[in-house]
Amino acid sequence: MAQLEIDNLSVEFRTRHGVVRALDGVSLSVSRGEIVGVVGESGSGKSVTAYTVMGLNDEAAKVTNGAITMGGIDLLAARPEALRELRGREMAMIFQSPRTALNPIRKVGKQIEDVLQEHAALPRRELKAAAIAALSRVRIPDPERRAEAYPFELSGGMCQRVMIAMALACTPSVLIADEPTTGLDVTTQAVIMDLIKEMSRSTQMSTLLITHDLGLAGEYCDRIAVMHAGHIVEIAPTEELLARPAHPYTQRLLAATPVPDSRLDDLNAIPGHLPDLRGALPPCRFSGRCERRQPICDEAELPWTELSSQHLVRCRYPLS
Amino acid sequence: MAFVWKRLLGTIPSLVGVVVLTFFISRALPGDPAAFFAGPAANAASIASIRATLGLDRPLPVQFVSYIADLAHGNLGRSLTTGQPVLTDLLERLPASLELSSFALLFAIGIAIPMGVWAATRINGGVDHACRAVVTVSAAFPTFFVGLLFVYVFYFLLGWAPQPLGRLDEIAFSPPPRVTGAYTIDAAIAGDWPVLRASLAQLILPAISLGLFALAPIARITRAAMLEALSSDFIRTARASGLPVRKILMAYAFRNVLLPVSSVLGMVFSFLIGSNVLIEQVFGWQGVGAYAVAAVIASDYAAVQGFVLMMAVLYVLLNLLVDVFATLVDPRVRFEG
Amino acid sequence: MTVLLEARSLSKLYPIKRAGRGVSLHAVDDVSLTIAAGESVGLVGESGCGKSTMVRLLGRLIDPTAGQVLLEGEDLTAITQTKFAASPSRRRIQVVFQDATESLNPSFRVFQAIADPLKRLLGLTSSAEIEQRVRATAALVGLPEELLQRYPHQLSGGQRARVGIARAVVVEPSLLILDEPTSALDVSVQAVILRLLDDLRDRLSMSYLFVSHDLNVVRLLCSRVVVMYLGKIVEIAPAEALFTAPSHPYAQALVAAIPDPARRGETRPRLDGSPASPINPDPNICRFYGRCPKAADICTKAMPPLRAVGPDHFAACHFALSPAGAHDER
Amino acid sequence: MSLTTFARNTGYAFGENRLTLVAAIILALLTLCAIFGPSIAPYDPLLTSATTKLARPSLLHPFGTDALGRDILSRVIVATRLDLGMAVSAVVLSFVVGLALGSLAGYFGGWTDRIIGRAMDTIMAFPLFVLAMGIVVALGNSVANIIIATMIINLPFYCRFARAEVNVRRELGYVEAARMGGNGPLRVLLNHIVPNILPPMMVQASLNMGWAILNAAGLSFIGLGVRPPTPEWGIMVSEGASYIISGEWWAFMFPGAALVLAVFSFNMLGDGLRDLLDPRKRV
């Protein structure tokens, strides 16, 4: 059984202007040591998925359907206190803009100690050494000195390493990385992504990588789920998805993403924009932008089409 | 401790500015001080002689130098009403004002900060509404009016408070032996409990009226800064790391609130010192503020100038304290300094 | 090939007063660069390498500490900032700024935003003519007419990007400097804007200086690429050459860092650590020293100059191979 | 902001926060008093009467009479013009001067900035009310000088606010774009920057108005500026204060309440305006 299992998850946000159906029937699983990418444009619901797993959504969010289990524990049914104890110990998260994600007036070593103190059964005097060990695991040079630094004294890439060290301090079994390299330089991005990949392999951690960059997901993920307007529209092993996209949106997204060998003439835009997630929505939320759309797409329930045991697509007329 | 010295040096321009501006207020602005001192009945000759004795016939730079020299000797001039050196007068009355302001500040901080923090953690809850109401109301009430209302309600109607005539009912009690000059502290030192009780009874209404006005900005900024801190990325990280709520609130959110709060304290001190003048007037408190108002009414020029200068210096020093505190709280300030 | 714009030994130093006299941040340090008429040049490098300062220097928004900017031989740096605003050359270099949201005046309607440069730079006063040109430009960049009366906050990201472009091209510049024009956009919108930009360059026969951190995007639009590192140019190369055979170790690391699904699982050389300080750097130590995998003693003794390593291909590294082959100057 | 969104936001600001609406109505009434005060007032505010000294509030004198038998209601109404007038003129003056100085300092930086900044720092180095006292004493005890003193102690807020806003915008893309578009420094400042900082500054001004009223009234309370028998709220409170301990509350209560009402309304209106301008910044 997969380490992290999201089953038919639906989430709504109550806002001033109506109920936003941010997620609808999202299913996804991550096995031990596996990296699964969740890719989509802004507003597709990929971050909401991550936050819901962590139980970090704000009060306006409401899970209306579905289940999330981690290592057999039902996360949605867990009491807040039990969930809090899981966070940081069994599941951890890293964020974009690592500099602001760290407490600006607390030494980074101390911030890691805070996590260890809460979750690791360590005597107080060993906390500091453990924090330094966590820093050196992510190959921060001179960890003793860096532990004494404040976030503003470190570069963005270094802060992200601190974040990773903090997330991995208690060797969690699930890591959620929410756009971990957005805003970092490409060279730093490569180093950070290498590190995440290495860590997830060496500790058999299940990693969910949230990103808008299909190229990045393509290089680092074992499987990729493509999201559009709160739906997962396609999920497949990376090579399969990149070589044989079955959903029109995936194909469009691939065509719009510049990769090293693409040419400007091949670059294609995706017509239209995300549908308004308030009010009535067709079963296929892409139908308004889809040129292959048939009348039935807006009427009947939308089935999953299984192209292979690993390749699922939520389209009645998948590309072949 | 290097940064403390740095801040100390940083106050020099402020102090220079204060001295220069005070000098200009006293000498270079329209209105002839000599005529002022001479009074309405004076003739040209008497004005000229006063001008000479005051040194006002000399060129401005020379006057400035002698002004600085006087200041260096602690000479702020002599009060027309008391006949004493202004500095002596002021130093004698300063502890009373400091006592009042300190109690007011303690009251304001003691209520405003917990209230602001609590309001921010339960936004739109009961405490939040109460916080907003208190902030709105207390910002709209002039201190002197609040003081008078208190006197009317607690002295005249309810009879709970003693007569608002100064720091101690001197018919029933005699002031404690002077150590700090603050009656409450001196009474405690002397172990004279009845006097301590009596002086506290006198202190409570003016301190609360003064504190209420200072409370609004502190509560407002605490609530806003706490809200901002709670919605910040690093709080999200702390939650994602499963830290306990208490730790998130205190070690993460609240410590980050101290910096904006300390930066508003400068403003609060400014309010306090200003409102102090009005409140002393209302409660017959024998501090520097009441002295200054008496001087204003009696056109006692040197006394008012001395008061302005002393308050400015005090304010600069208080701001220095705030700065040092901010530096201790926030490492970033240390590095920018 | 005629040279449109030439930067000669441009430097921009920002004095750091707190640190004392003579201490300054070397944002751009002795950079020379040419852009030919009709050419599209890419400028890449990590944040803090001096890209944005270059944009402002070449756009004549700030004065260089030393060096010149020449437009078809005319020394623009000899004209003061204030005079330049009114000079005829002003219209010939335009910039499309990063983050279209910040680069549009929130209180100007789209029409005003596009019309303002026409009034100031071309001195147009006839409202009929202004209106005609604004509409023509809006059509050119694919901006529907009904959007002209909107305010920026009523537009989508892609529409704002189009307004930013329209405002810059309405005066028909010779050089358009594009400062990360698509960094805030979703890929689907980015694709449209990139194609629009490519199309406009042909139609209006402009030269481009395209500043970006996304090498895949640079590759699509540019024929030549300039790589900067800590205020210095470390490599200039035809786009294909840079991506297939980068010469400078930094450029190599940069190209190797591009995410590429086709190279999954390969271990590629990675660039670790962070750049040296840009504050008063030692002029005799290669800026890349400390992070460079090839670092040797010579790198701390002399700053490597840009030298030819292939046709139109220059690199500033002691170990870059010269076109003749494997001789190096150790 | 288009007219419709403005209308929607206005409706929102009032609808969401009824206090703003109440404040606007009170301010409208106060403005009427300020303009037509002398003709609305039932009695001559200066008319003394030996027979009706310190009369309790009654139908004849709704707010009672003071120690000289003058009608307090009439005095409170007539004083509106002076109290609001002092505050409004001081705020307008500091708004204009502060905007000008702050914009110049923020846009040109360098020496301009240093000199203006140093001047503002010097003002801010004083406890402001105390400085105002000093200024009025030095310049002479008059209403005009109260306005000048209030203007001076308010100046740093506007100046710093404008400076910060200009400084932020100076580096923004749209200002650089305006320069690219051939606008000279003055035009950039006047056409592109100042219009965008006016709305937040107006909010600042309306929030500041209450404070200006308090300051001016505080100065008259301690006997500066306004001279008896001129009706003015601060001085009326001060005159009424002597009778509290003997229980004649109306002499200080009504002018004090007028003061509170005016300050409260301006504060509420300022809050409402801020919400209108930026609903996210709600505090």
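Here the chain labels run A, B, C and D in written order, and each chain numbers its own residues starting at 1.
By definition in this document, contacts are C-beta pairs under 8 Å (C-beta built on N, C-alpha and C of every residue); 3 or more make two chains touch, one makes a residue touch a chain.
Predicted model only: the values in this text are computed from it and were never measured.
Any chain touching subunit A that also touches subunit B would appear here, but none does. Per-chain Cα centroids separate subunit B from subunit C by 55 Å.
Subunit D has its Cα centroid 22 Å from the Cα centroid of subunit B. Subunit C and subunit D, compared by their mean Cα positions, are separated by 50 Å. Remark: subunit A and subunit C have CA centroids separated by 33 Å (rounded to whole angstrom). Multi-chain contact residues, meaning those touching two or more other chains, do not occur anywhere in subunit C. Taken as a graph of touching chains, this assembly is arranged as a ring, one closed cycle with exactly two partners per chain.
Applying the touch criterion to all chain pairs gives A-B, A-C, B-D, C-D. On the subunit C side of its complex with subunit A, the touching residues are 46-47, 156, 186-192, 194-195, 198, 213-217, 219-221, 243, 253-254, 256-264, 268, 270-274.
Chain contact summary for the complex, subunit A toward subunit B: residues 54, 56, 84-89, 92-93, 95, 97, 100-106, 114-115, 118-119, 150, 152-153, 163, 166-167.
Only residues 41-42, 141, 155, 157-158, 185-191, 193-194, 212-216, 218-220, 238-239, 242, 252-253, 255-264, 267-270, 273 of subunit A touch subunit C when the two sit together in their complex. Across the complex, subunit D is touched by residues 13-15, 17-18, 20-22, 25-26, 29-31, 136-137, 139-145, 148-149, 151-152, 155-156, 163-164, 220, 223-224, 227, 269-275, 277-278, 281-282, 292-293, 296-297, 301, 304-305, 307-308, 311-312, 315-316, 319 of subunit B. Taken together, the subunit D residues at the contact with subunit B in this complex read 118, 121-123, 125-131, 133-135, 137-140, 210, 214, 217-218, 221-224, 234, 237-238, 240-241, 244-245, 247, 249, 252-253, 256, 259-260, 263-264, 267-268, 283.
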